[in-house]
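Think of it as A, B, C and D in the order they're written, each chain with its own count starting at 1.
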Amino acid sequence: MRLALDIITVVLISAGGFFFMAGTIGLLRFPDTLTRLHALTKVDNLGLGLIVFGLLAQVESRLDALKVIAIWLLVQMSGAIVSQLIAQATRRLGRQT
Amino acid sequence: MTLVFACEVVLAGLLVAIATWTIVARTAFAAIVVFMVYGLLLAIVWVALSAVDVALTEAAIGGGVTSIVLLGAASRLRGSKAAVPSVSFPFKITAGVLCAVVSAGLAAVVFSLPDVAPTLAPVAKENLAESGLGNPVAAVLFVFRAHDTLLEKVVLLLALVGVWSLASDSAWGGVPALRVYASPSRILVFLDQILPPIGIMIGIYMFWAGASQPGGAFQGGTILAAMWLLTMMARLQDVPSISARWLRLLLVVGPMAFLAVGLAGFFFADSFLAYPPSISKPLIIVVEATLTLSIGVTLALLVAGPPERLPQQ
Amino acid sequence: MTITNFLLAAAAFVLLMVAIGLARILYGPTDVDRILSVQLIGSGGVAVLLLLSVGLKLPPIMDVALMLGLLATFVSVAFLRDAADSSSVSTSTTEDR
Amino acid sequence: MNSAALFGYCGAVLVGLGLYGLITRPEVLRKILAFNVLGSGVFLLFGVFARRGAAAGLGADPVPQALVITGIVVAFSATALVVALLVRLNKETGQVIITSDDPEESGKQGVLP
C-alpha cells in the first residue's frame, strides 16, 4: 500500500515537474506576451495540479489534505481569472500603440 | 540534507540576482515588479531559515502591501517629465567599492560568529506554558515583549497621521485618491466578488491559528487590508472619507484594547502589560482580534494615501 | 532514495525552473510581460512551499503557501491597473474617477 | 558552509547592494526601493542569528524573529510615509529627486523649482 502510494507520488510529481520545465522552455522560446501567457497557464494548471495530487498521497492527516486541496482551488481560480485580466491588458496595450 | 542545501543555494543565488535587478532596472515600474518578486522570494527564504511567522509577515507586508504603496507613487510620478541628473562613472565606482567593503565587513562578522550561538529559545520555551499560547513567537510578541508590540501599533498609527497631514488644506477630511480601475471588466468584478469572502475567512484563520502555530494579528490584518483594497479597486465599494467616525473608531480600537489590558495589569497582575495567568489566553485573543481589525484598516489607509478630494464631488 | 528526498529534489527542481522563467519574463519587453512573473512566482512558489511542507513534515509551511497564493493575486490585480494605463499619455489626472 | 552561513553572506551582500542603490540612484523612489533592500538584508542577518540560536526543540530563536516581524512593520510604515512625502513633493515642485535649496546648485542641475 505504502509502496503503491509512493509510486503514485513519484509519477505525478515527476509529471508536474515536467510541466514546470515545459512552461519554462515555453517562456524562453515563445515570441510574444500572449503565447508566453499560454505557456505559463500550463505551469499553473498542470504543473501545480499534478504536484498537488502527488502530494495528496503523502500528507499526514485528513485536515492537511483538505488544506492542500483548498490552496490548490484558490490558486487555480485566481490564476485563471488573472490570466484573463492579463490577456485583456495585453489587447488594450496593443490597441493603444 | 544536501538536497535541502541545494535548494537553498538556488534560492540564495536567485535572491541576490533579483535584488541586483531591483537596483539596476531602468524604469521604476520594472523595478517595483522585481521588488515584489523579491519580497515573495524572501518569504521562501524565511521558510528555509525555519522562521515561518516571519515568512508570513514578509509575504504579506514585504511582498504585498509595500510594493502596492510604491506602485501608487510610481504611477503618479510617471506623468512628470522632471530631469534626472546622471551620476558620473567614477562616483559609481567609488560607491561600489565602499559598499563592497561594507558587505565584506558584514560577511566577516557572519564568518566569525561564535560557535555556540547565544539563544533565548530555552527561556522562551520554559515560560511558554505560563502565557497560555502554543506559538513561541506570539508569546514573545504579546507577553514577553508586549511593550514593543504596543509601540509598533502606535508607530503604524503615527505613520497614518503623518500621511494624512500631507493632504492639502482644501482636501482635509476628504477621500483618499486610491487609484481604481476606470472601467472594471466583468471578470475582475467576478474575482472581487468571489475572493474577498474567502480572503476574510483566511484572515480570521491566520489570526486564530496564530495562538498555537505560526500566524497572528499582523498576517491576518494584512489579508483583510488586501481584500478591502481589492474591492475598492474594482469599485465595488467606495473609498471612505477619512473623517468617517466608524473609520476612526476602527483605527484605534485595537491599540486602545491593548492599552486598556496593559493598564489593567497594574491592578489585576503586578505590572503594566502583565496578564493574570488564569485568563491570559482569552485576554490575548481579545486583544489580537481587535488588533487584527485595526491593523487591516490602518494598512489599507496607508496604501490609499492622503485625502485628495472632498466627498460628494 | 526515500520519498522525502524525492520531494525535496522536486522542490529544488521546480525552484530552478521558476528562477529561469523569472529571468526571461522580468526581462520584458512590456510591463504586462513582467506581470507574468507575479503569476509564475505565485504558482511556482506555492508548489515549492507545498513540496517543502510535506517533505519536511512541517504543516505550518502550508499557511505560507496560502498567503503567497492570495497575495500574488492581489498584487497582480493592482499591477494590471497601472500597466493598462502605462501607454496613455498622462496618468496623473486619471486618479479622480 | 551550512545554510545559516549561506544566508548570512546573502544578507551581507544585500546590505551592500541596497547601500549602493541608495547612494547612486538619484530618483527618490529608487532610493526608497534600495532602502527596503538594505533593510531586508539586515533582517536576513537577524534571521541567521535566530536560526543559529535553534534550541529546546524550536527551529529558531523566537526573540530575533519577533524583532524582525516588528521591524518589517515599522519599515513598511516608514515607506508609506516617505512615499506620501514624495508624492506631495512632486505635486508642489514637479521633481522626482531632492534638489538643493541653494538656487545656484539647482540651477546647475538644469531644473528650477
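Quick note on the criterion: a contact is a pair of C-beta atoms (placed from the backbone, for glycine too) under 8 Å apart; a residue touches a chain by one contact, two chains touch by 3 or more.
Fair warning: this is a prediction, and the values are worked out from it, not measured in the lab.
Greatest centre-to-centre distance from subunit A is found for D, with centres as Cα means. Contact counts per chain pair peak at B-D.
Put simply, the C-alpha centre of subunit C and that of subunit D have 22 angstrom between them. For the pair subunit B and subunit C, the distance between mean C-alpha positions equals 18 Å.
Put simply, the C-alpha centre of subunit A and that of subunit D have 33 angstrom between them. The distance from the centre of subunit B to the centre of subunit D, with each centre set as the mean of the Cα atoms, comes to 14 Å.
Among the residues of subunit A, those touching two or more other chains are numbered 74, 78, 82, 85, 88. In subunit C, the residues touching two or more other chains are 35, 42, 59, 66, 70, 72-73, 77, 83, 86. Among the residues of subunit D, none is in touch with two or more other chains.
Contacts between chains, counted with the stated touch criterion, involve the pairs A-B, A-C, B-C, B-D.
The residues of subunit B lying in touch with subunit C in their complex are 3-4, 6-7, 10-11, 13-14, 17-18, 21, 29-30, 33-34, 36-37, 40-41, 43-44, 47, 52, 55-56, 59-60, 63-64, 67-68, 71, 74-76, 78-80, 177, 179-182, 188, 191-192, 195, 199, 202, 206, 209, 213-215, 219, 223, 226-227, 229-230, 233-235, 308-309. Every residue of subunit A that touches subunit B in the complex is listed here, in rising order: 74, 77-78, 81-82, 84-85, 88.
Within the complex formed with subunit D, the subunit B residues making contact are 4-5, 8-9, 12, 15-16, 19-20, 22-23, 28, 31-32, 35, 38-39, 42, 45-46, 48-51, 53-54, 57-58, 61-62, 65-66, 69-70, 72-74, 76-77, 80, 82-85, 87, 91-92, 95-96, 98-100, 102-107, 109-111, 113, 117-122, 124-126, 136-137, 139-141, 144-145, 148-149, 152, 155-156, 158-159, 162-163, 166, 218, 299, 302-303, 305-306. Touching subunit C in their complex are the following residues of subunit A: 6, 9-10, 13-14, 16-17, 20-21, 23-24, 27-28, 33, 36-37, 40, 43-44, 47-48, 51-52, 55, 58-60, 64, 67-68, 70-71, 74-75, 78-79, 82-83, 85-86, 88-90, 92-93, 96-97.
The residues of subunit C lying in touch with subunit A in their complex are 3, 6-7, 10, 13-14, 17-18, 20-21, 24-25, 30, 32-33, 35-36, 39-40, 42-44, 46-47, 50-51, 54, 57, 59, 62, 65-66, 69-70, 72-73, 76-77, 80, 83-84, 86-88.
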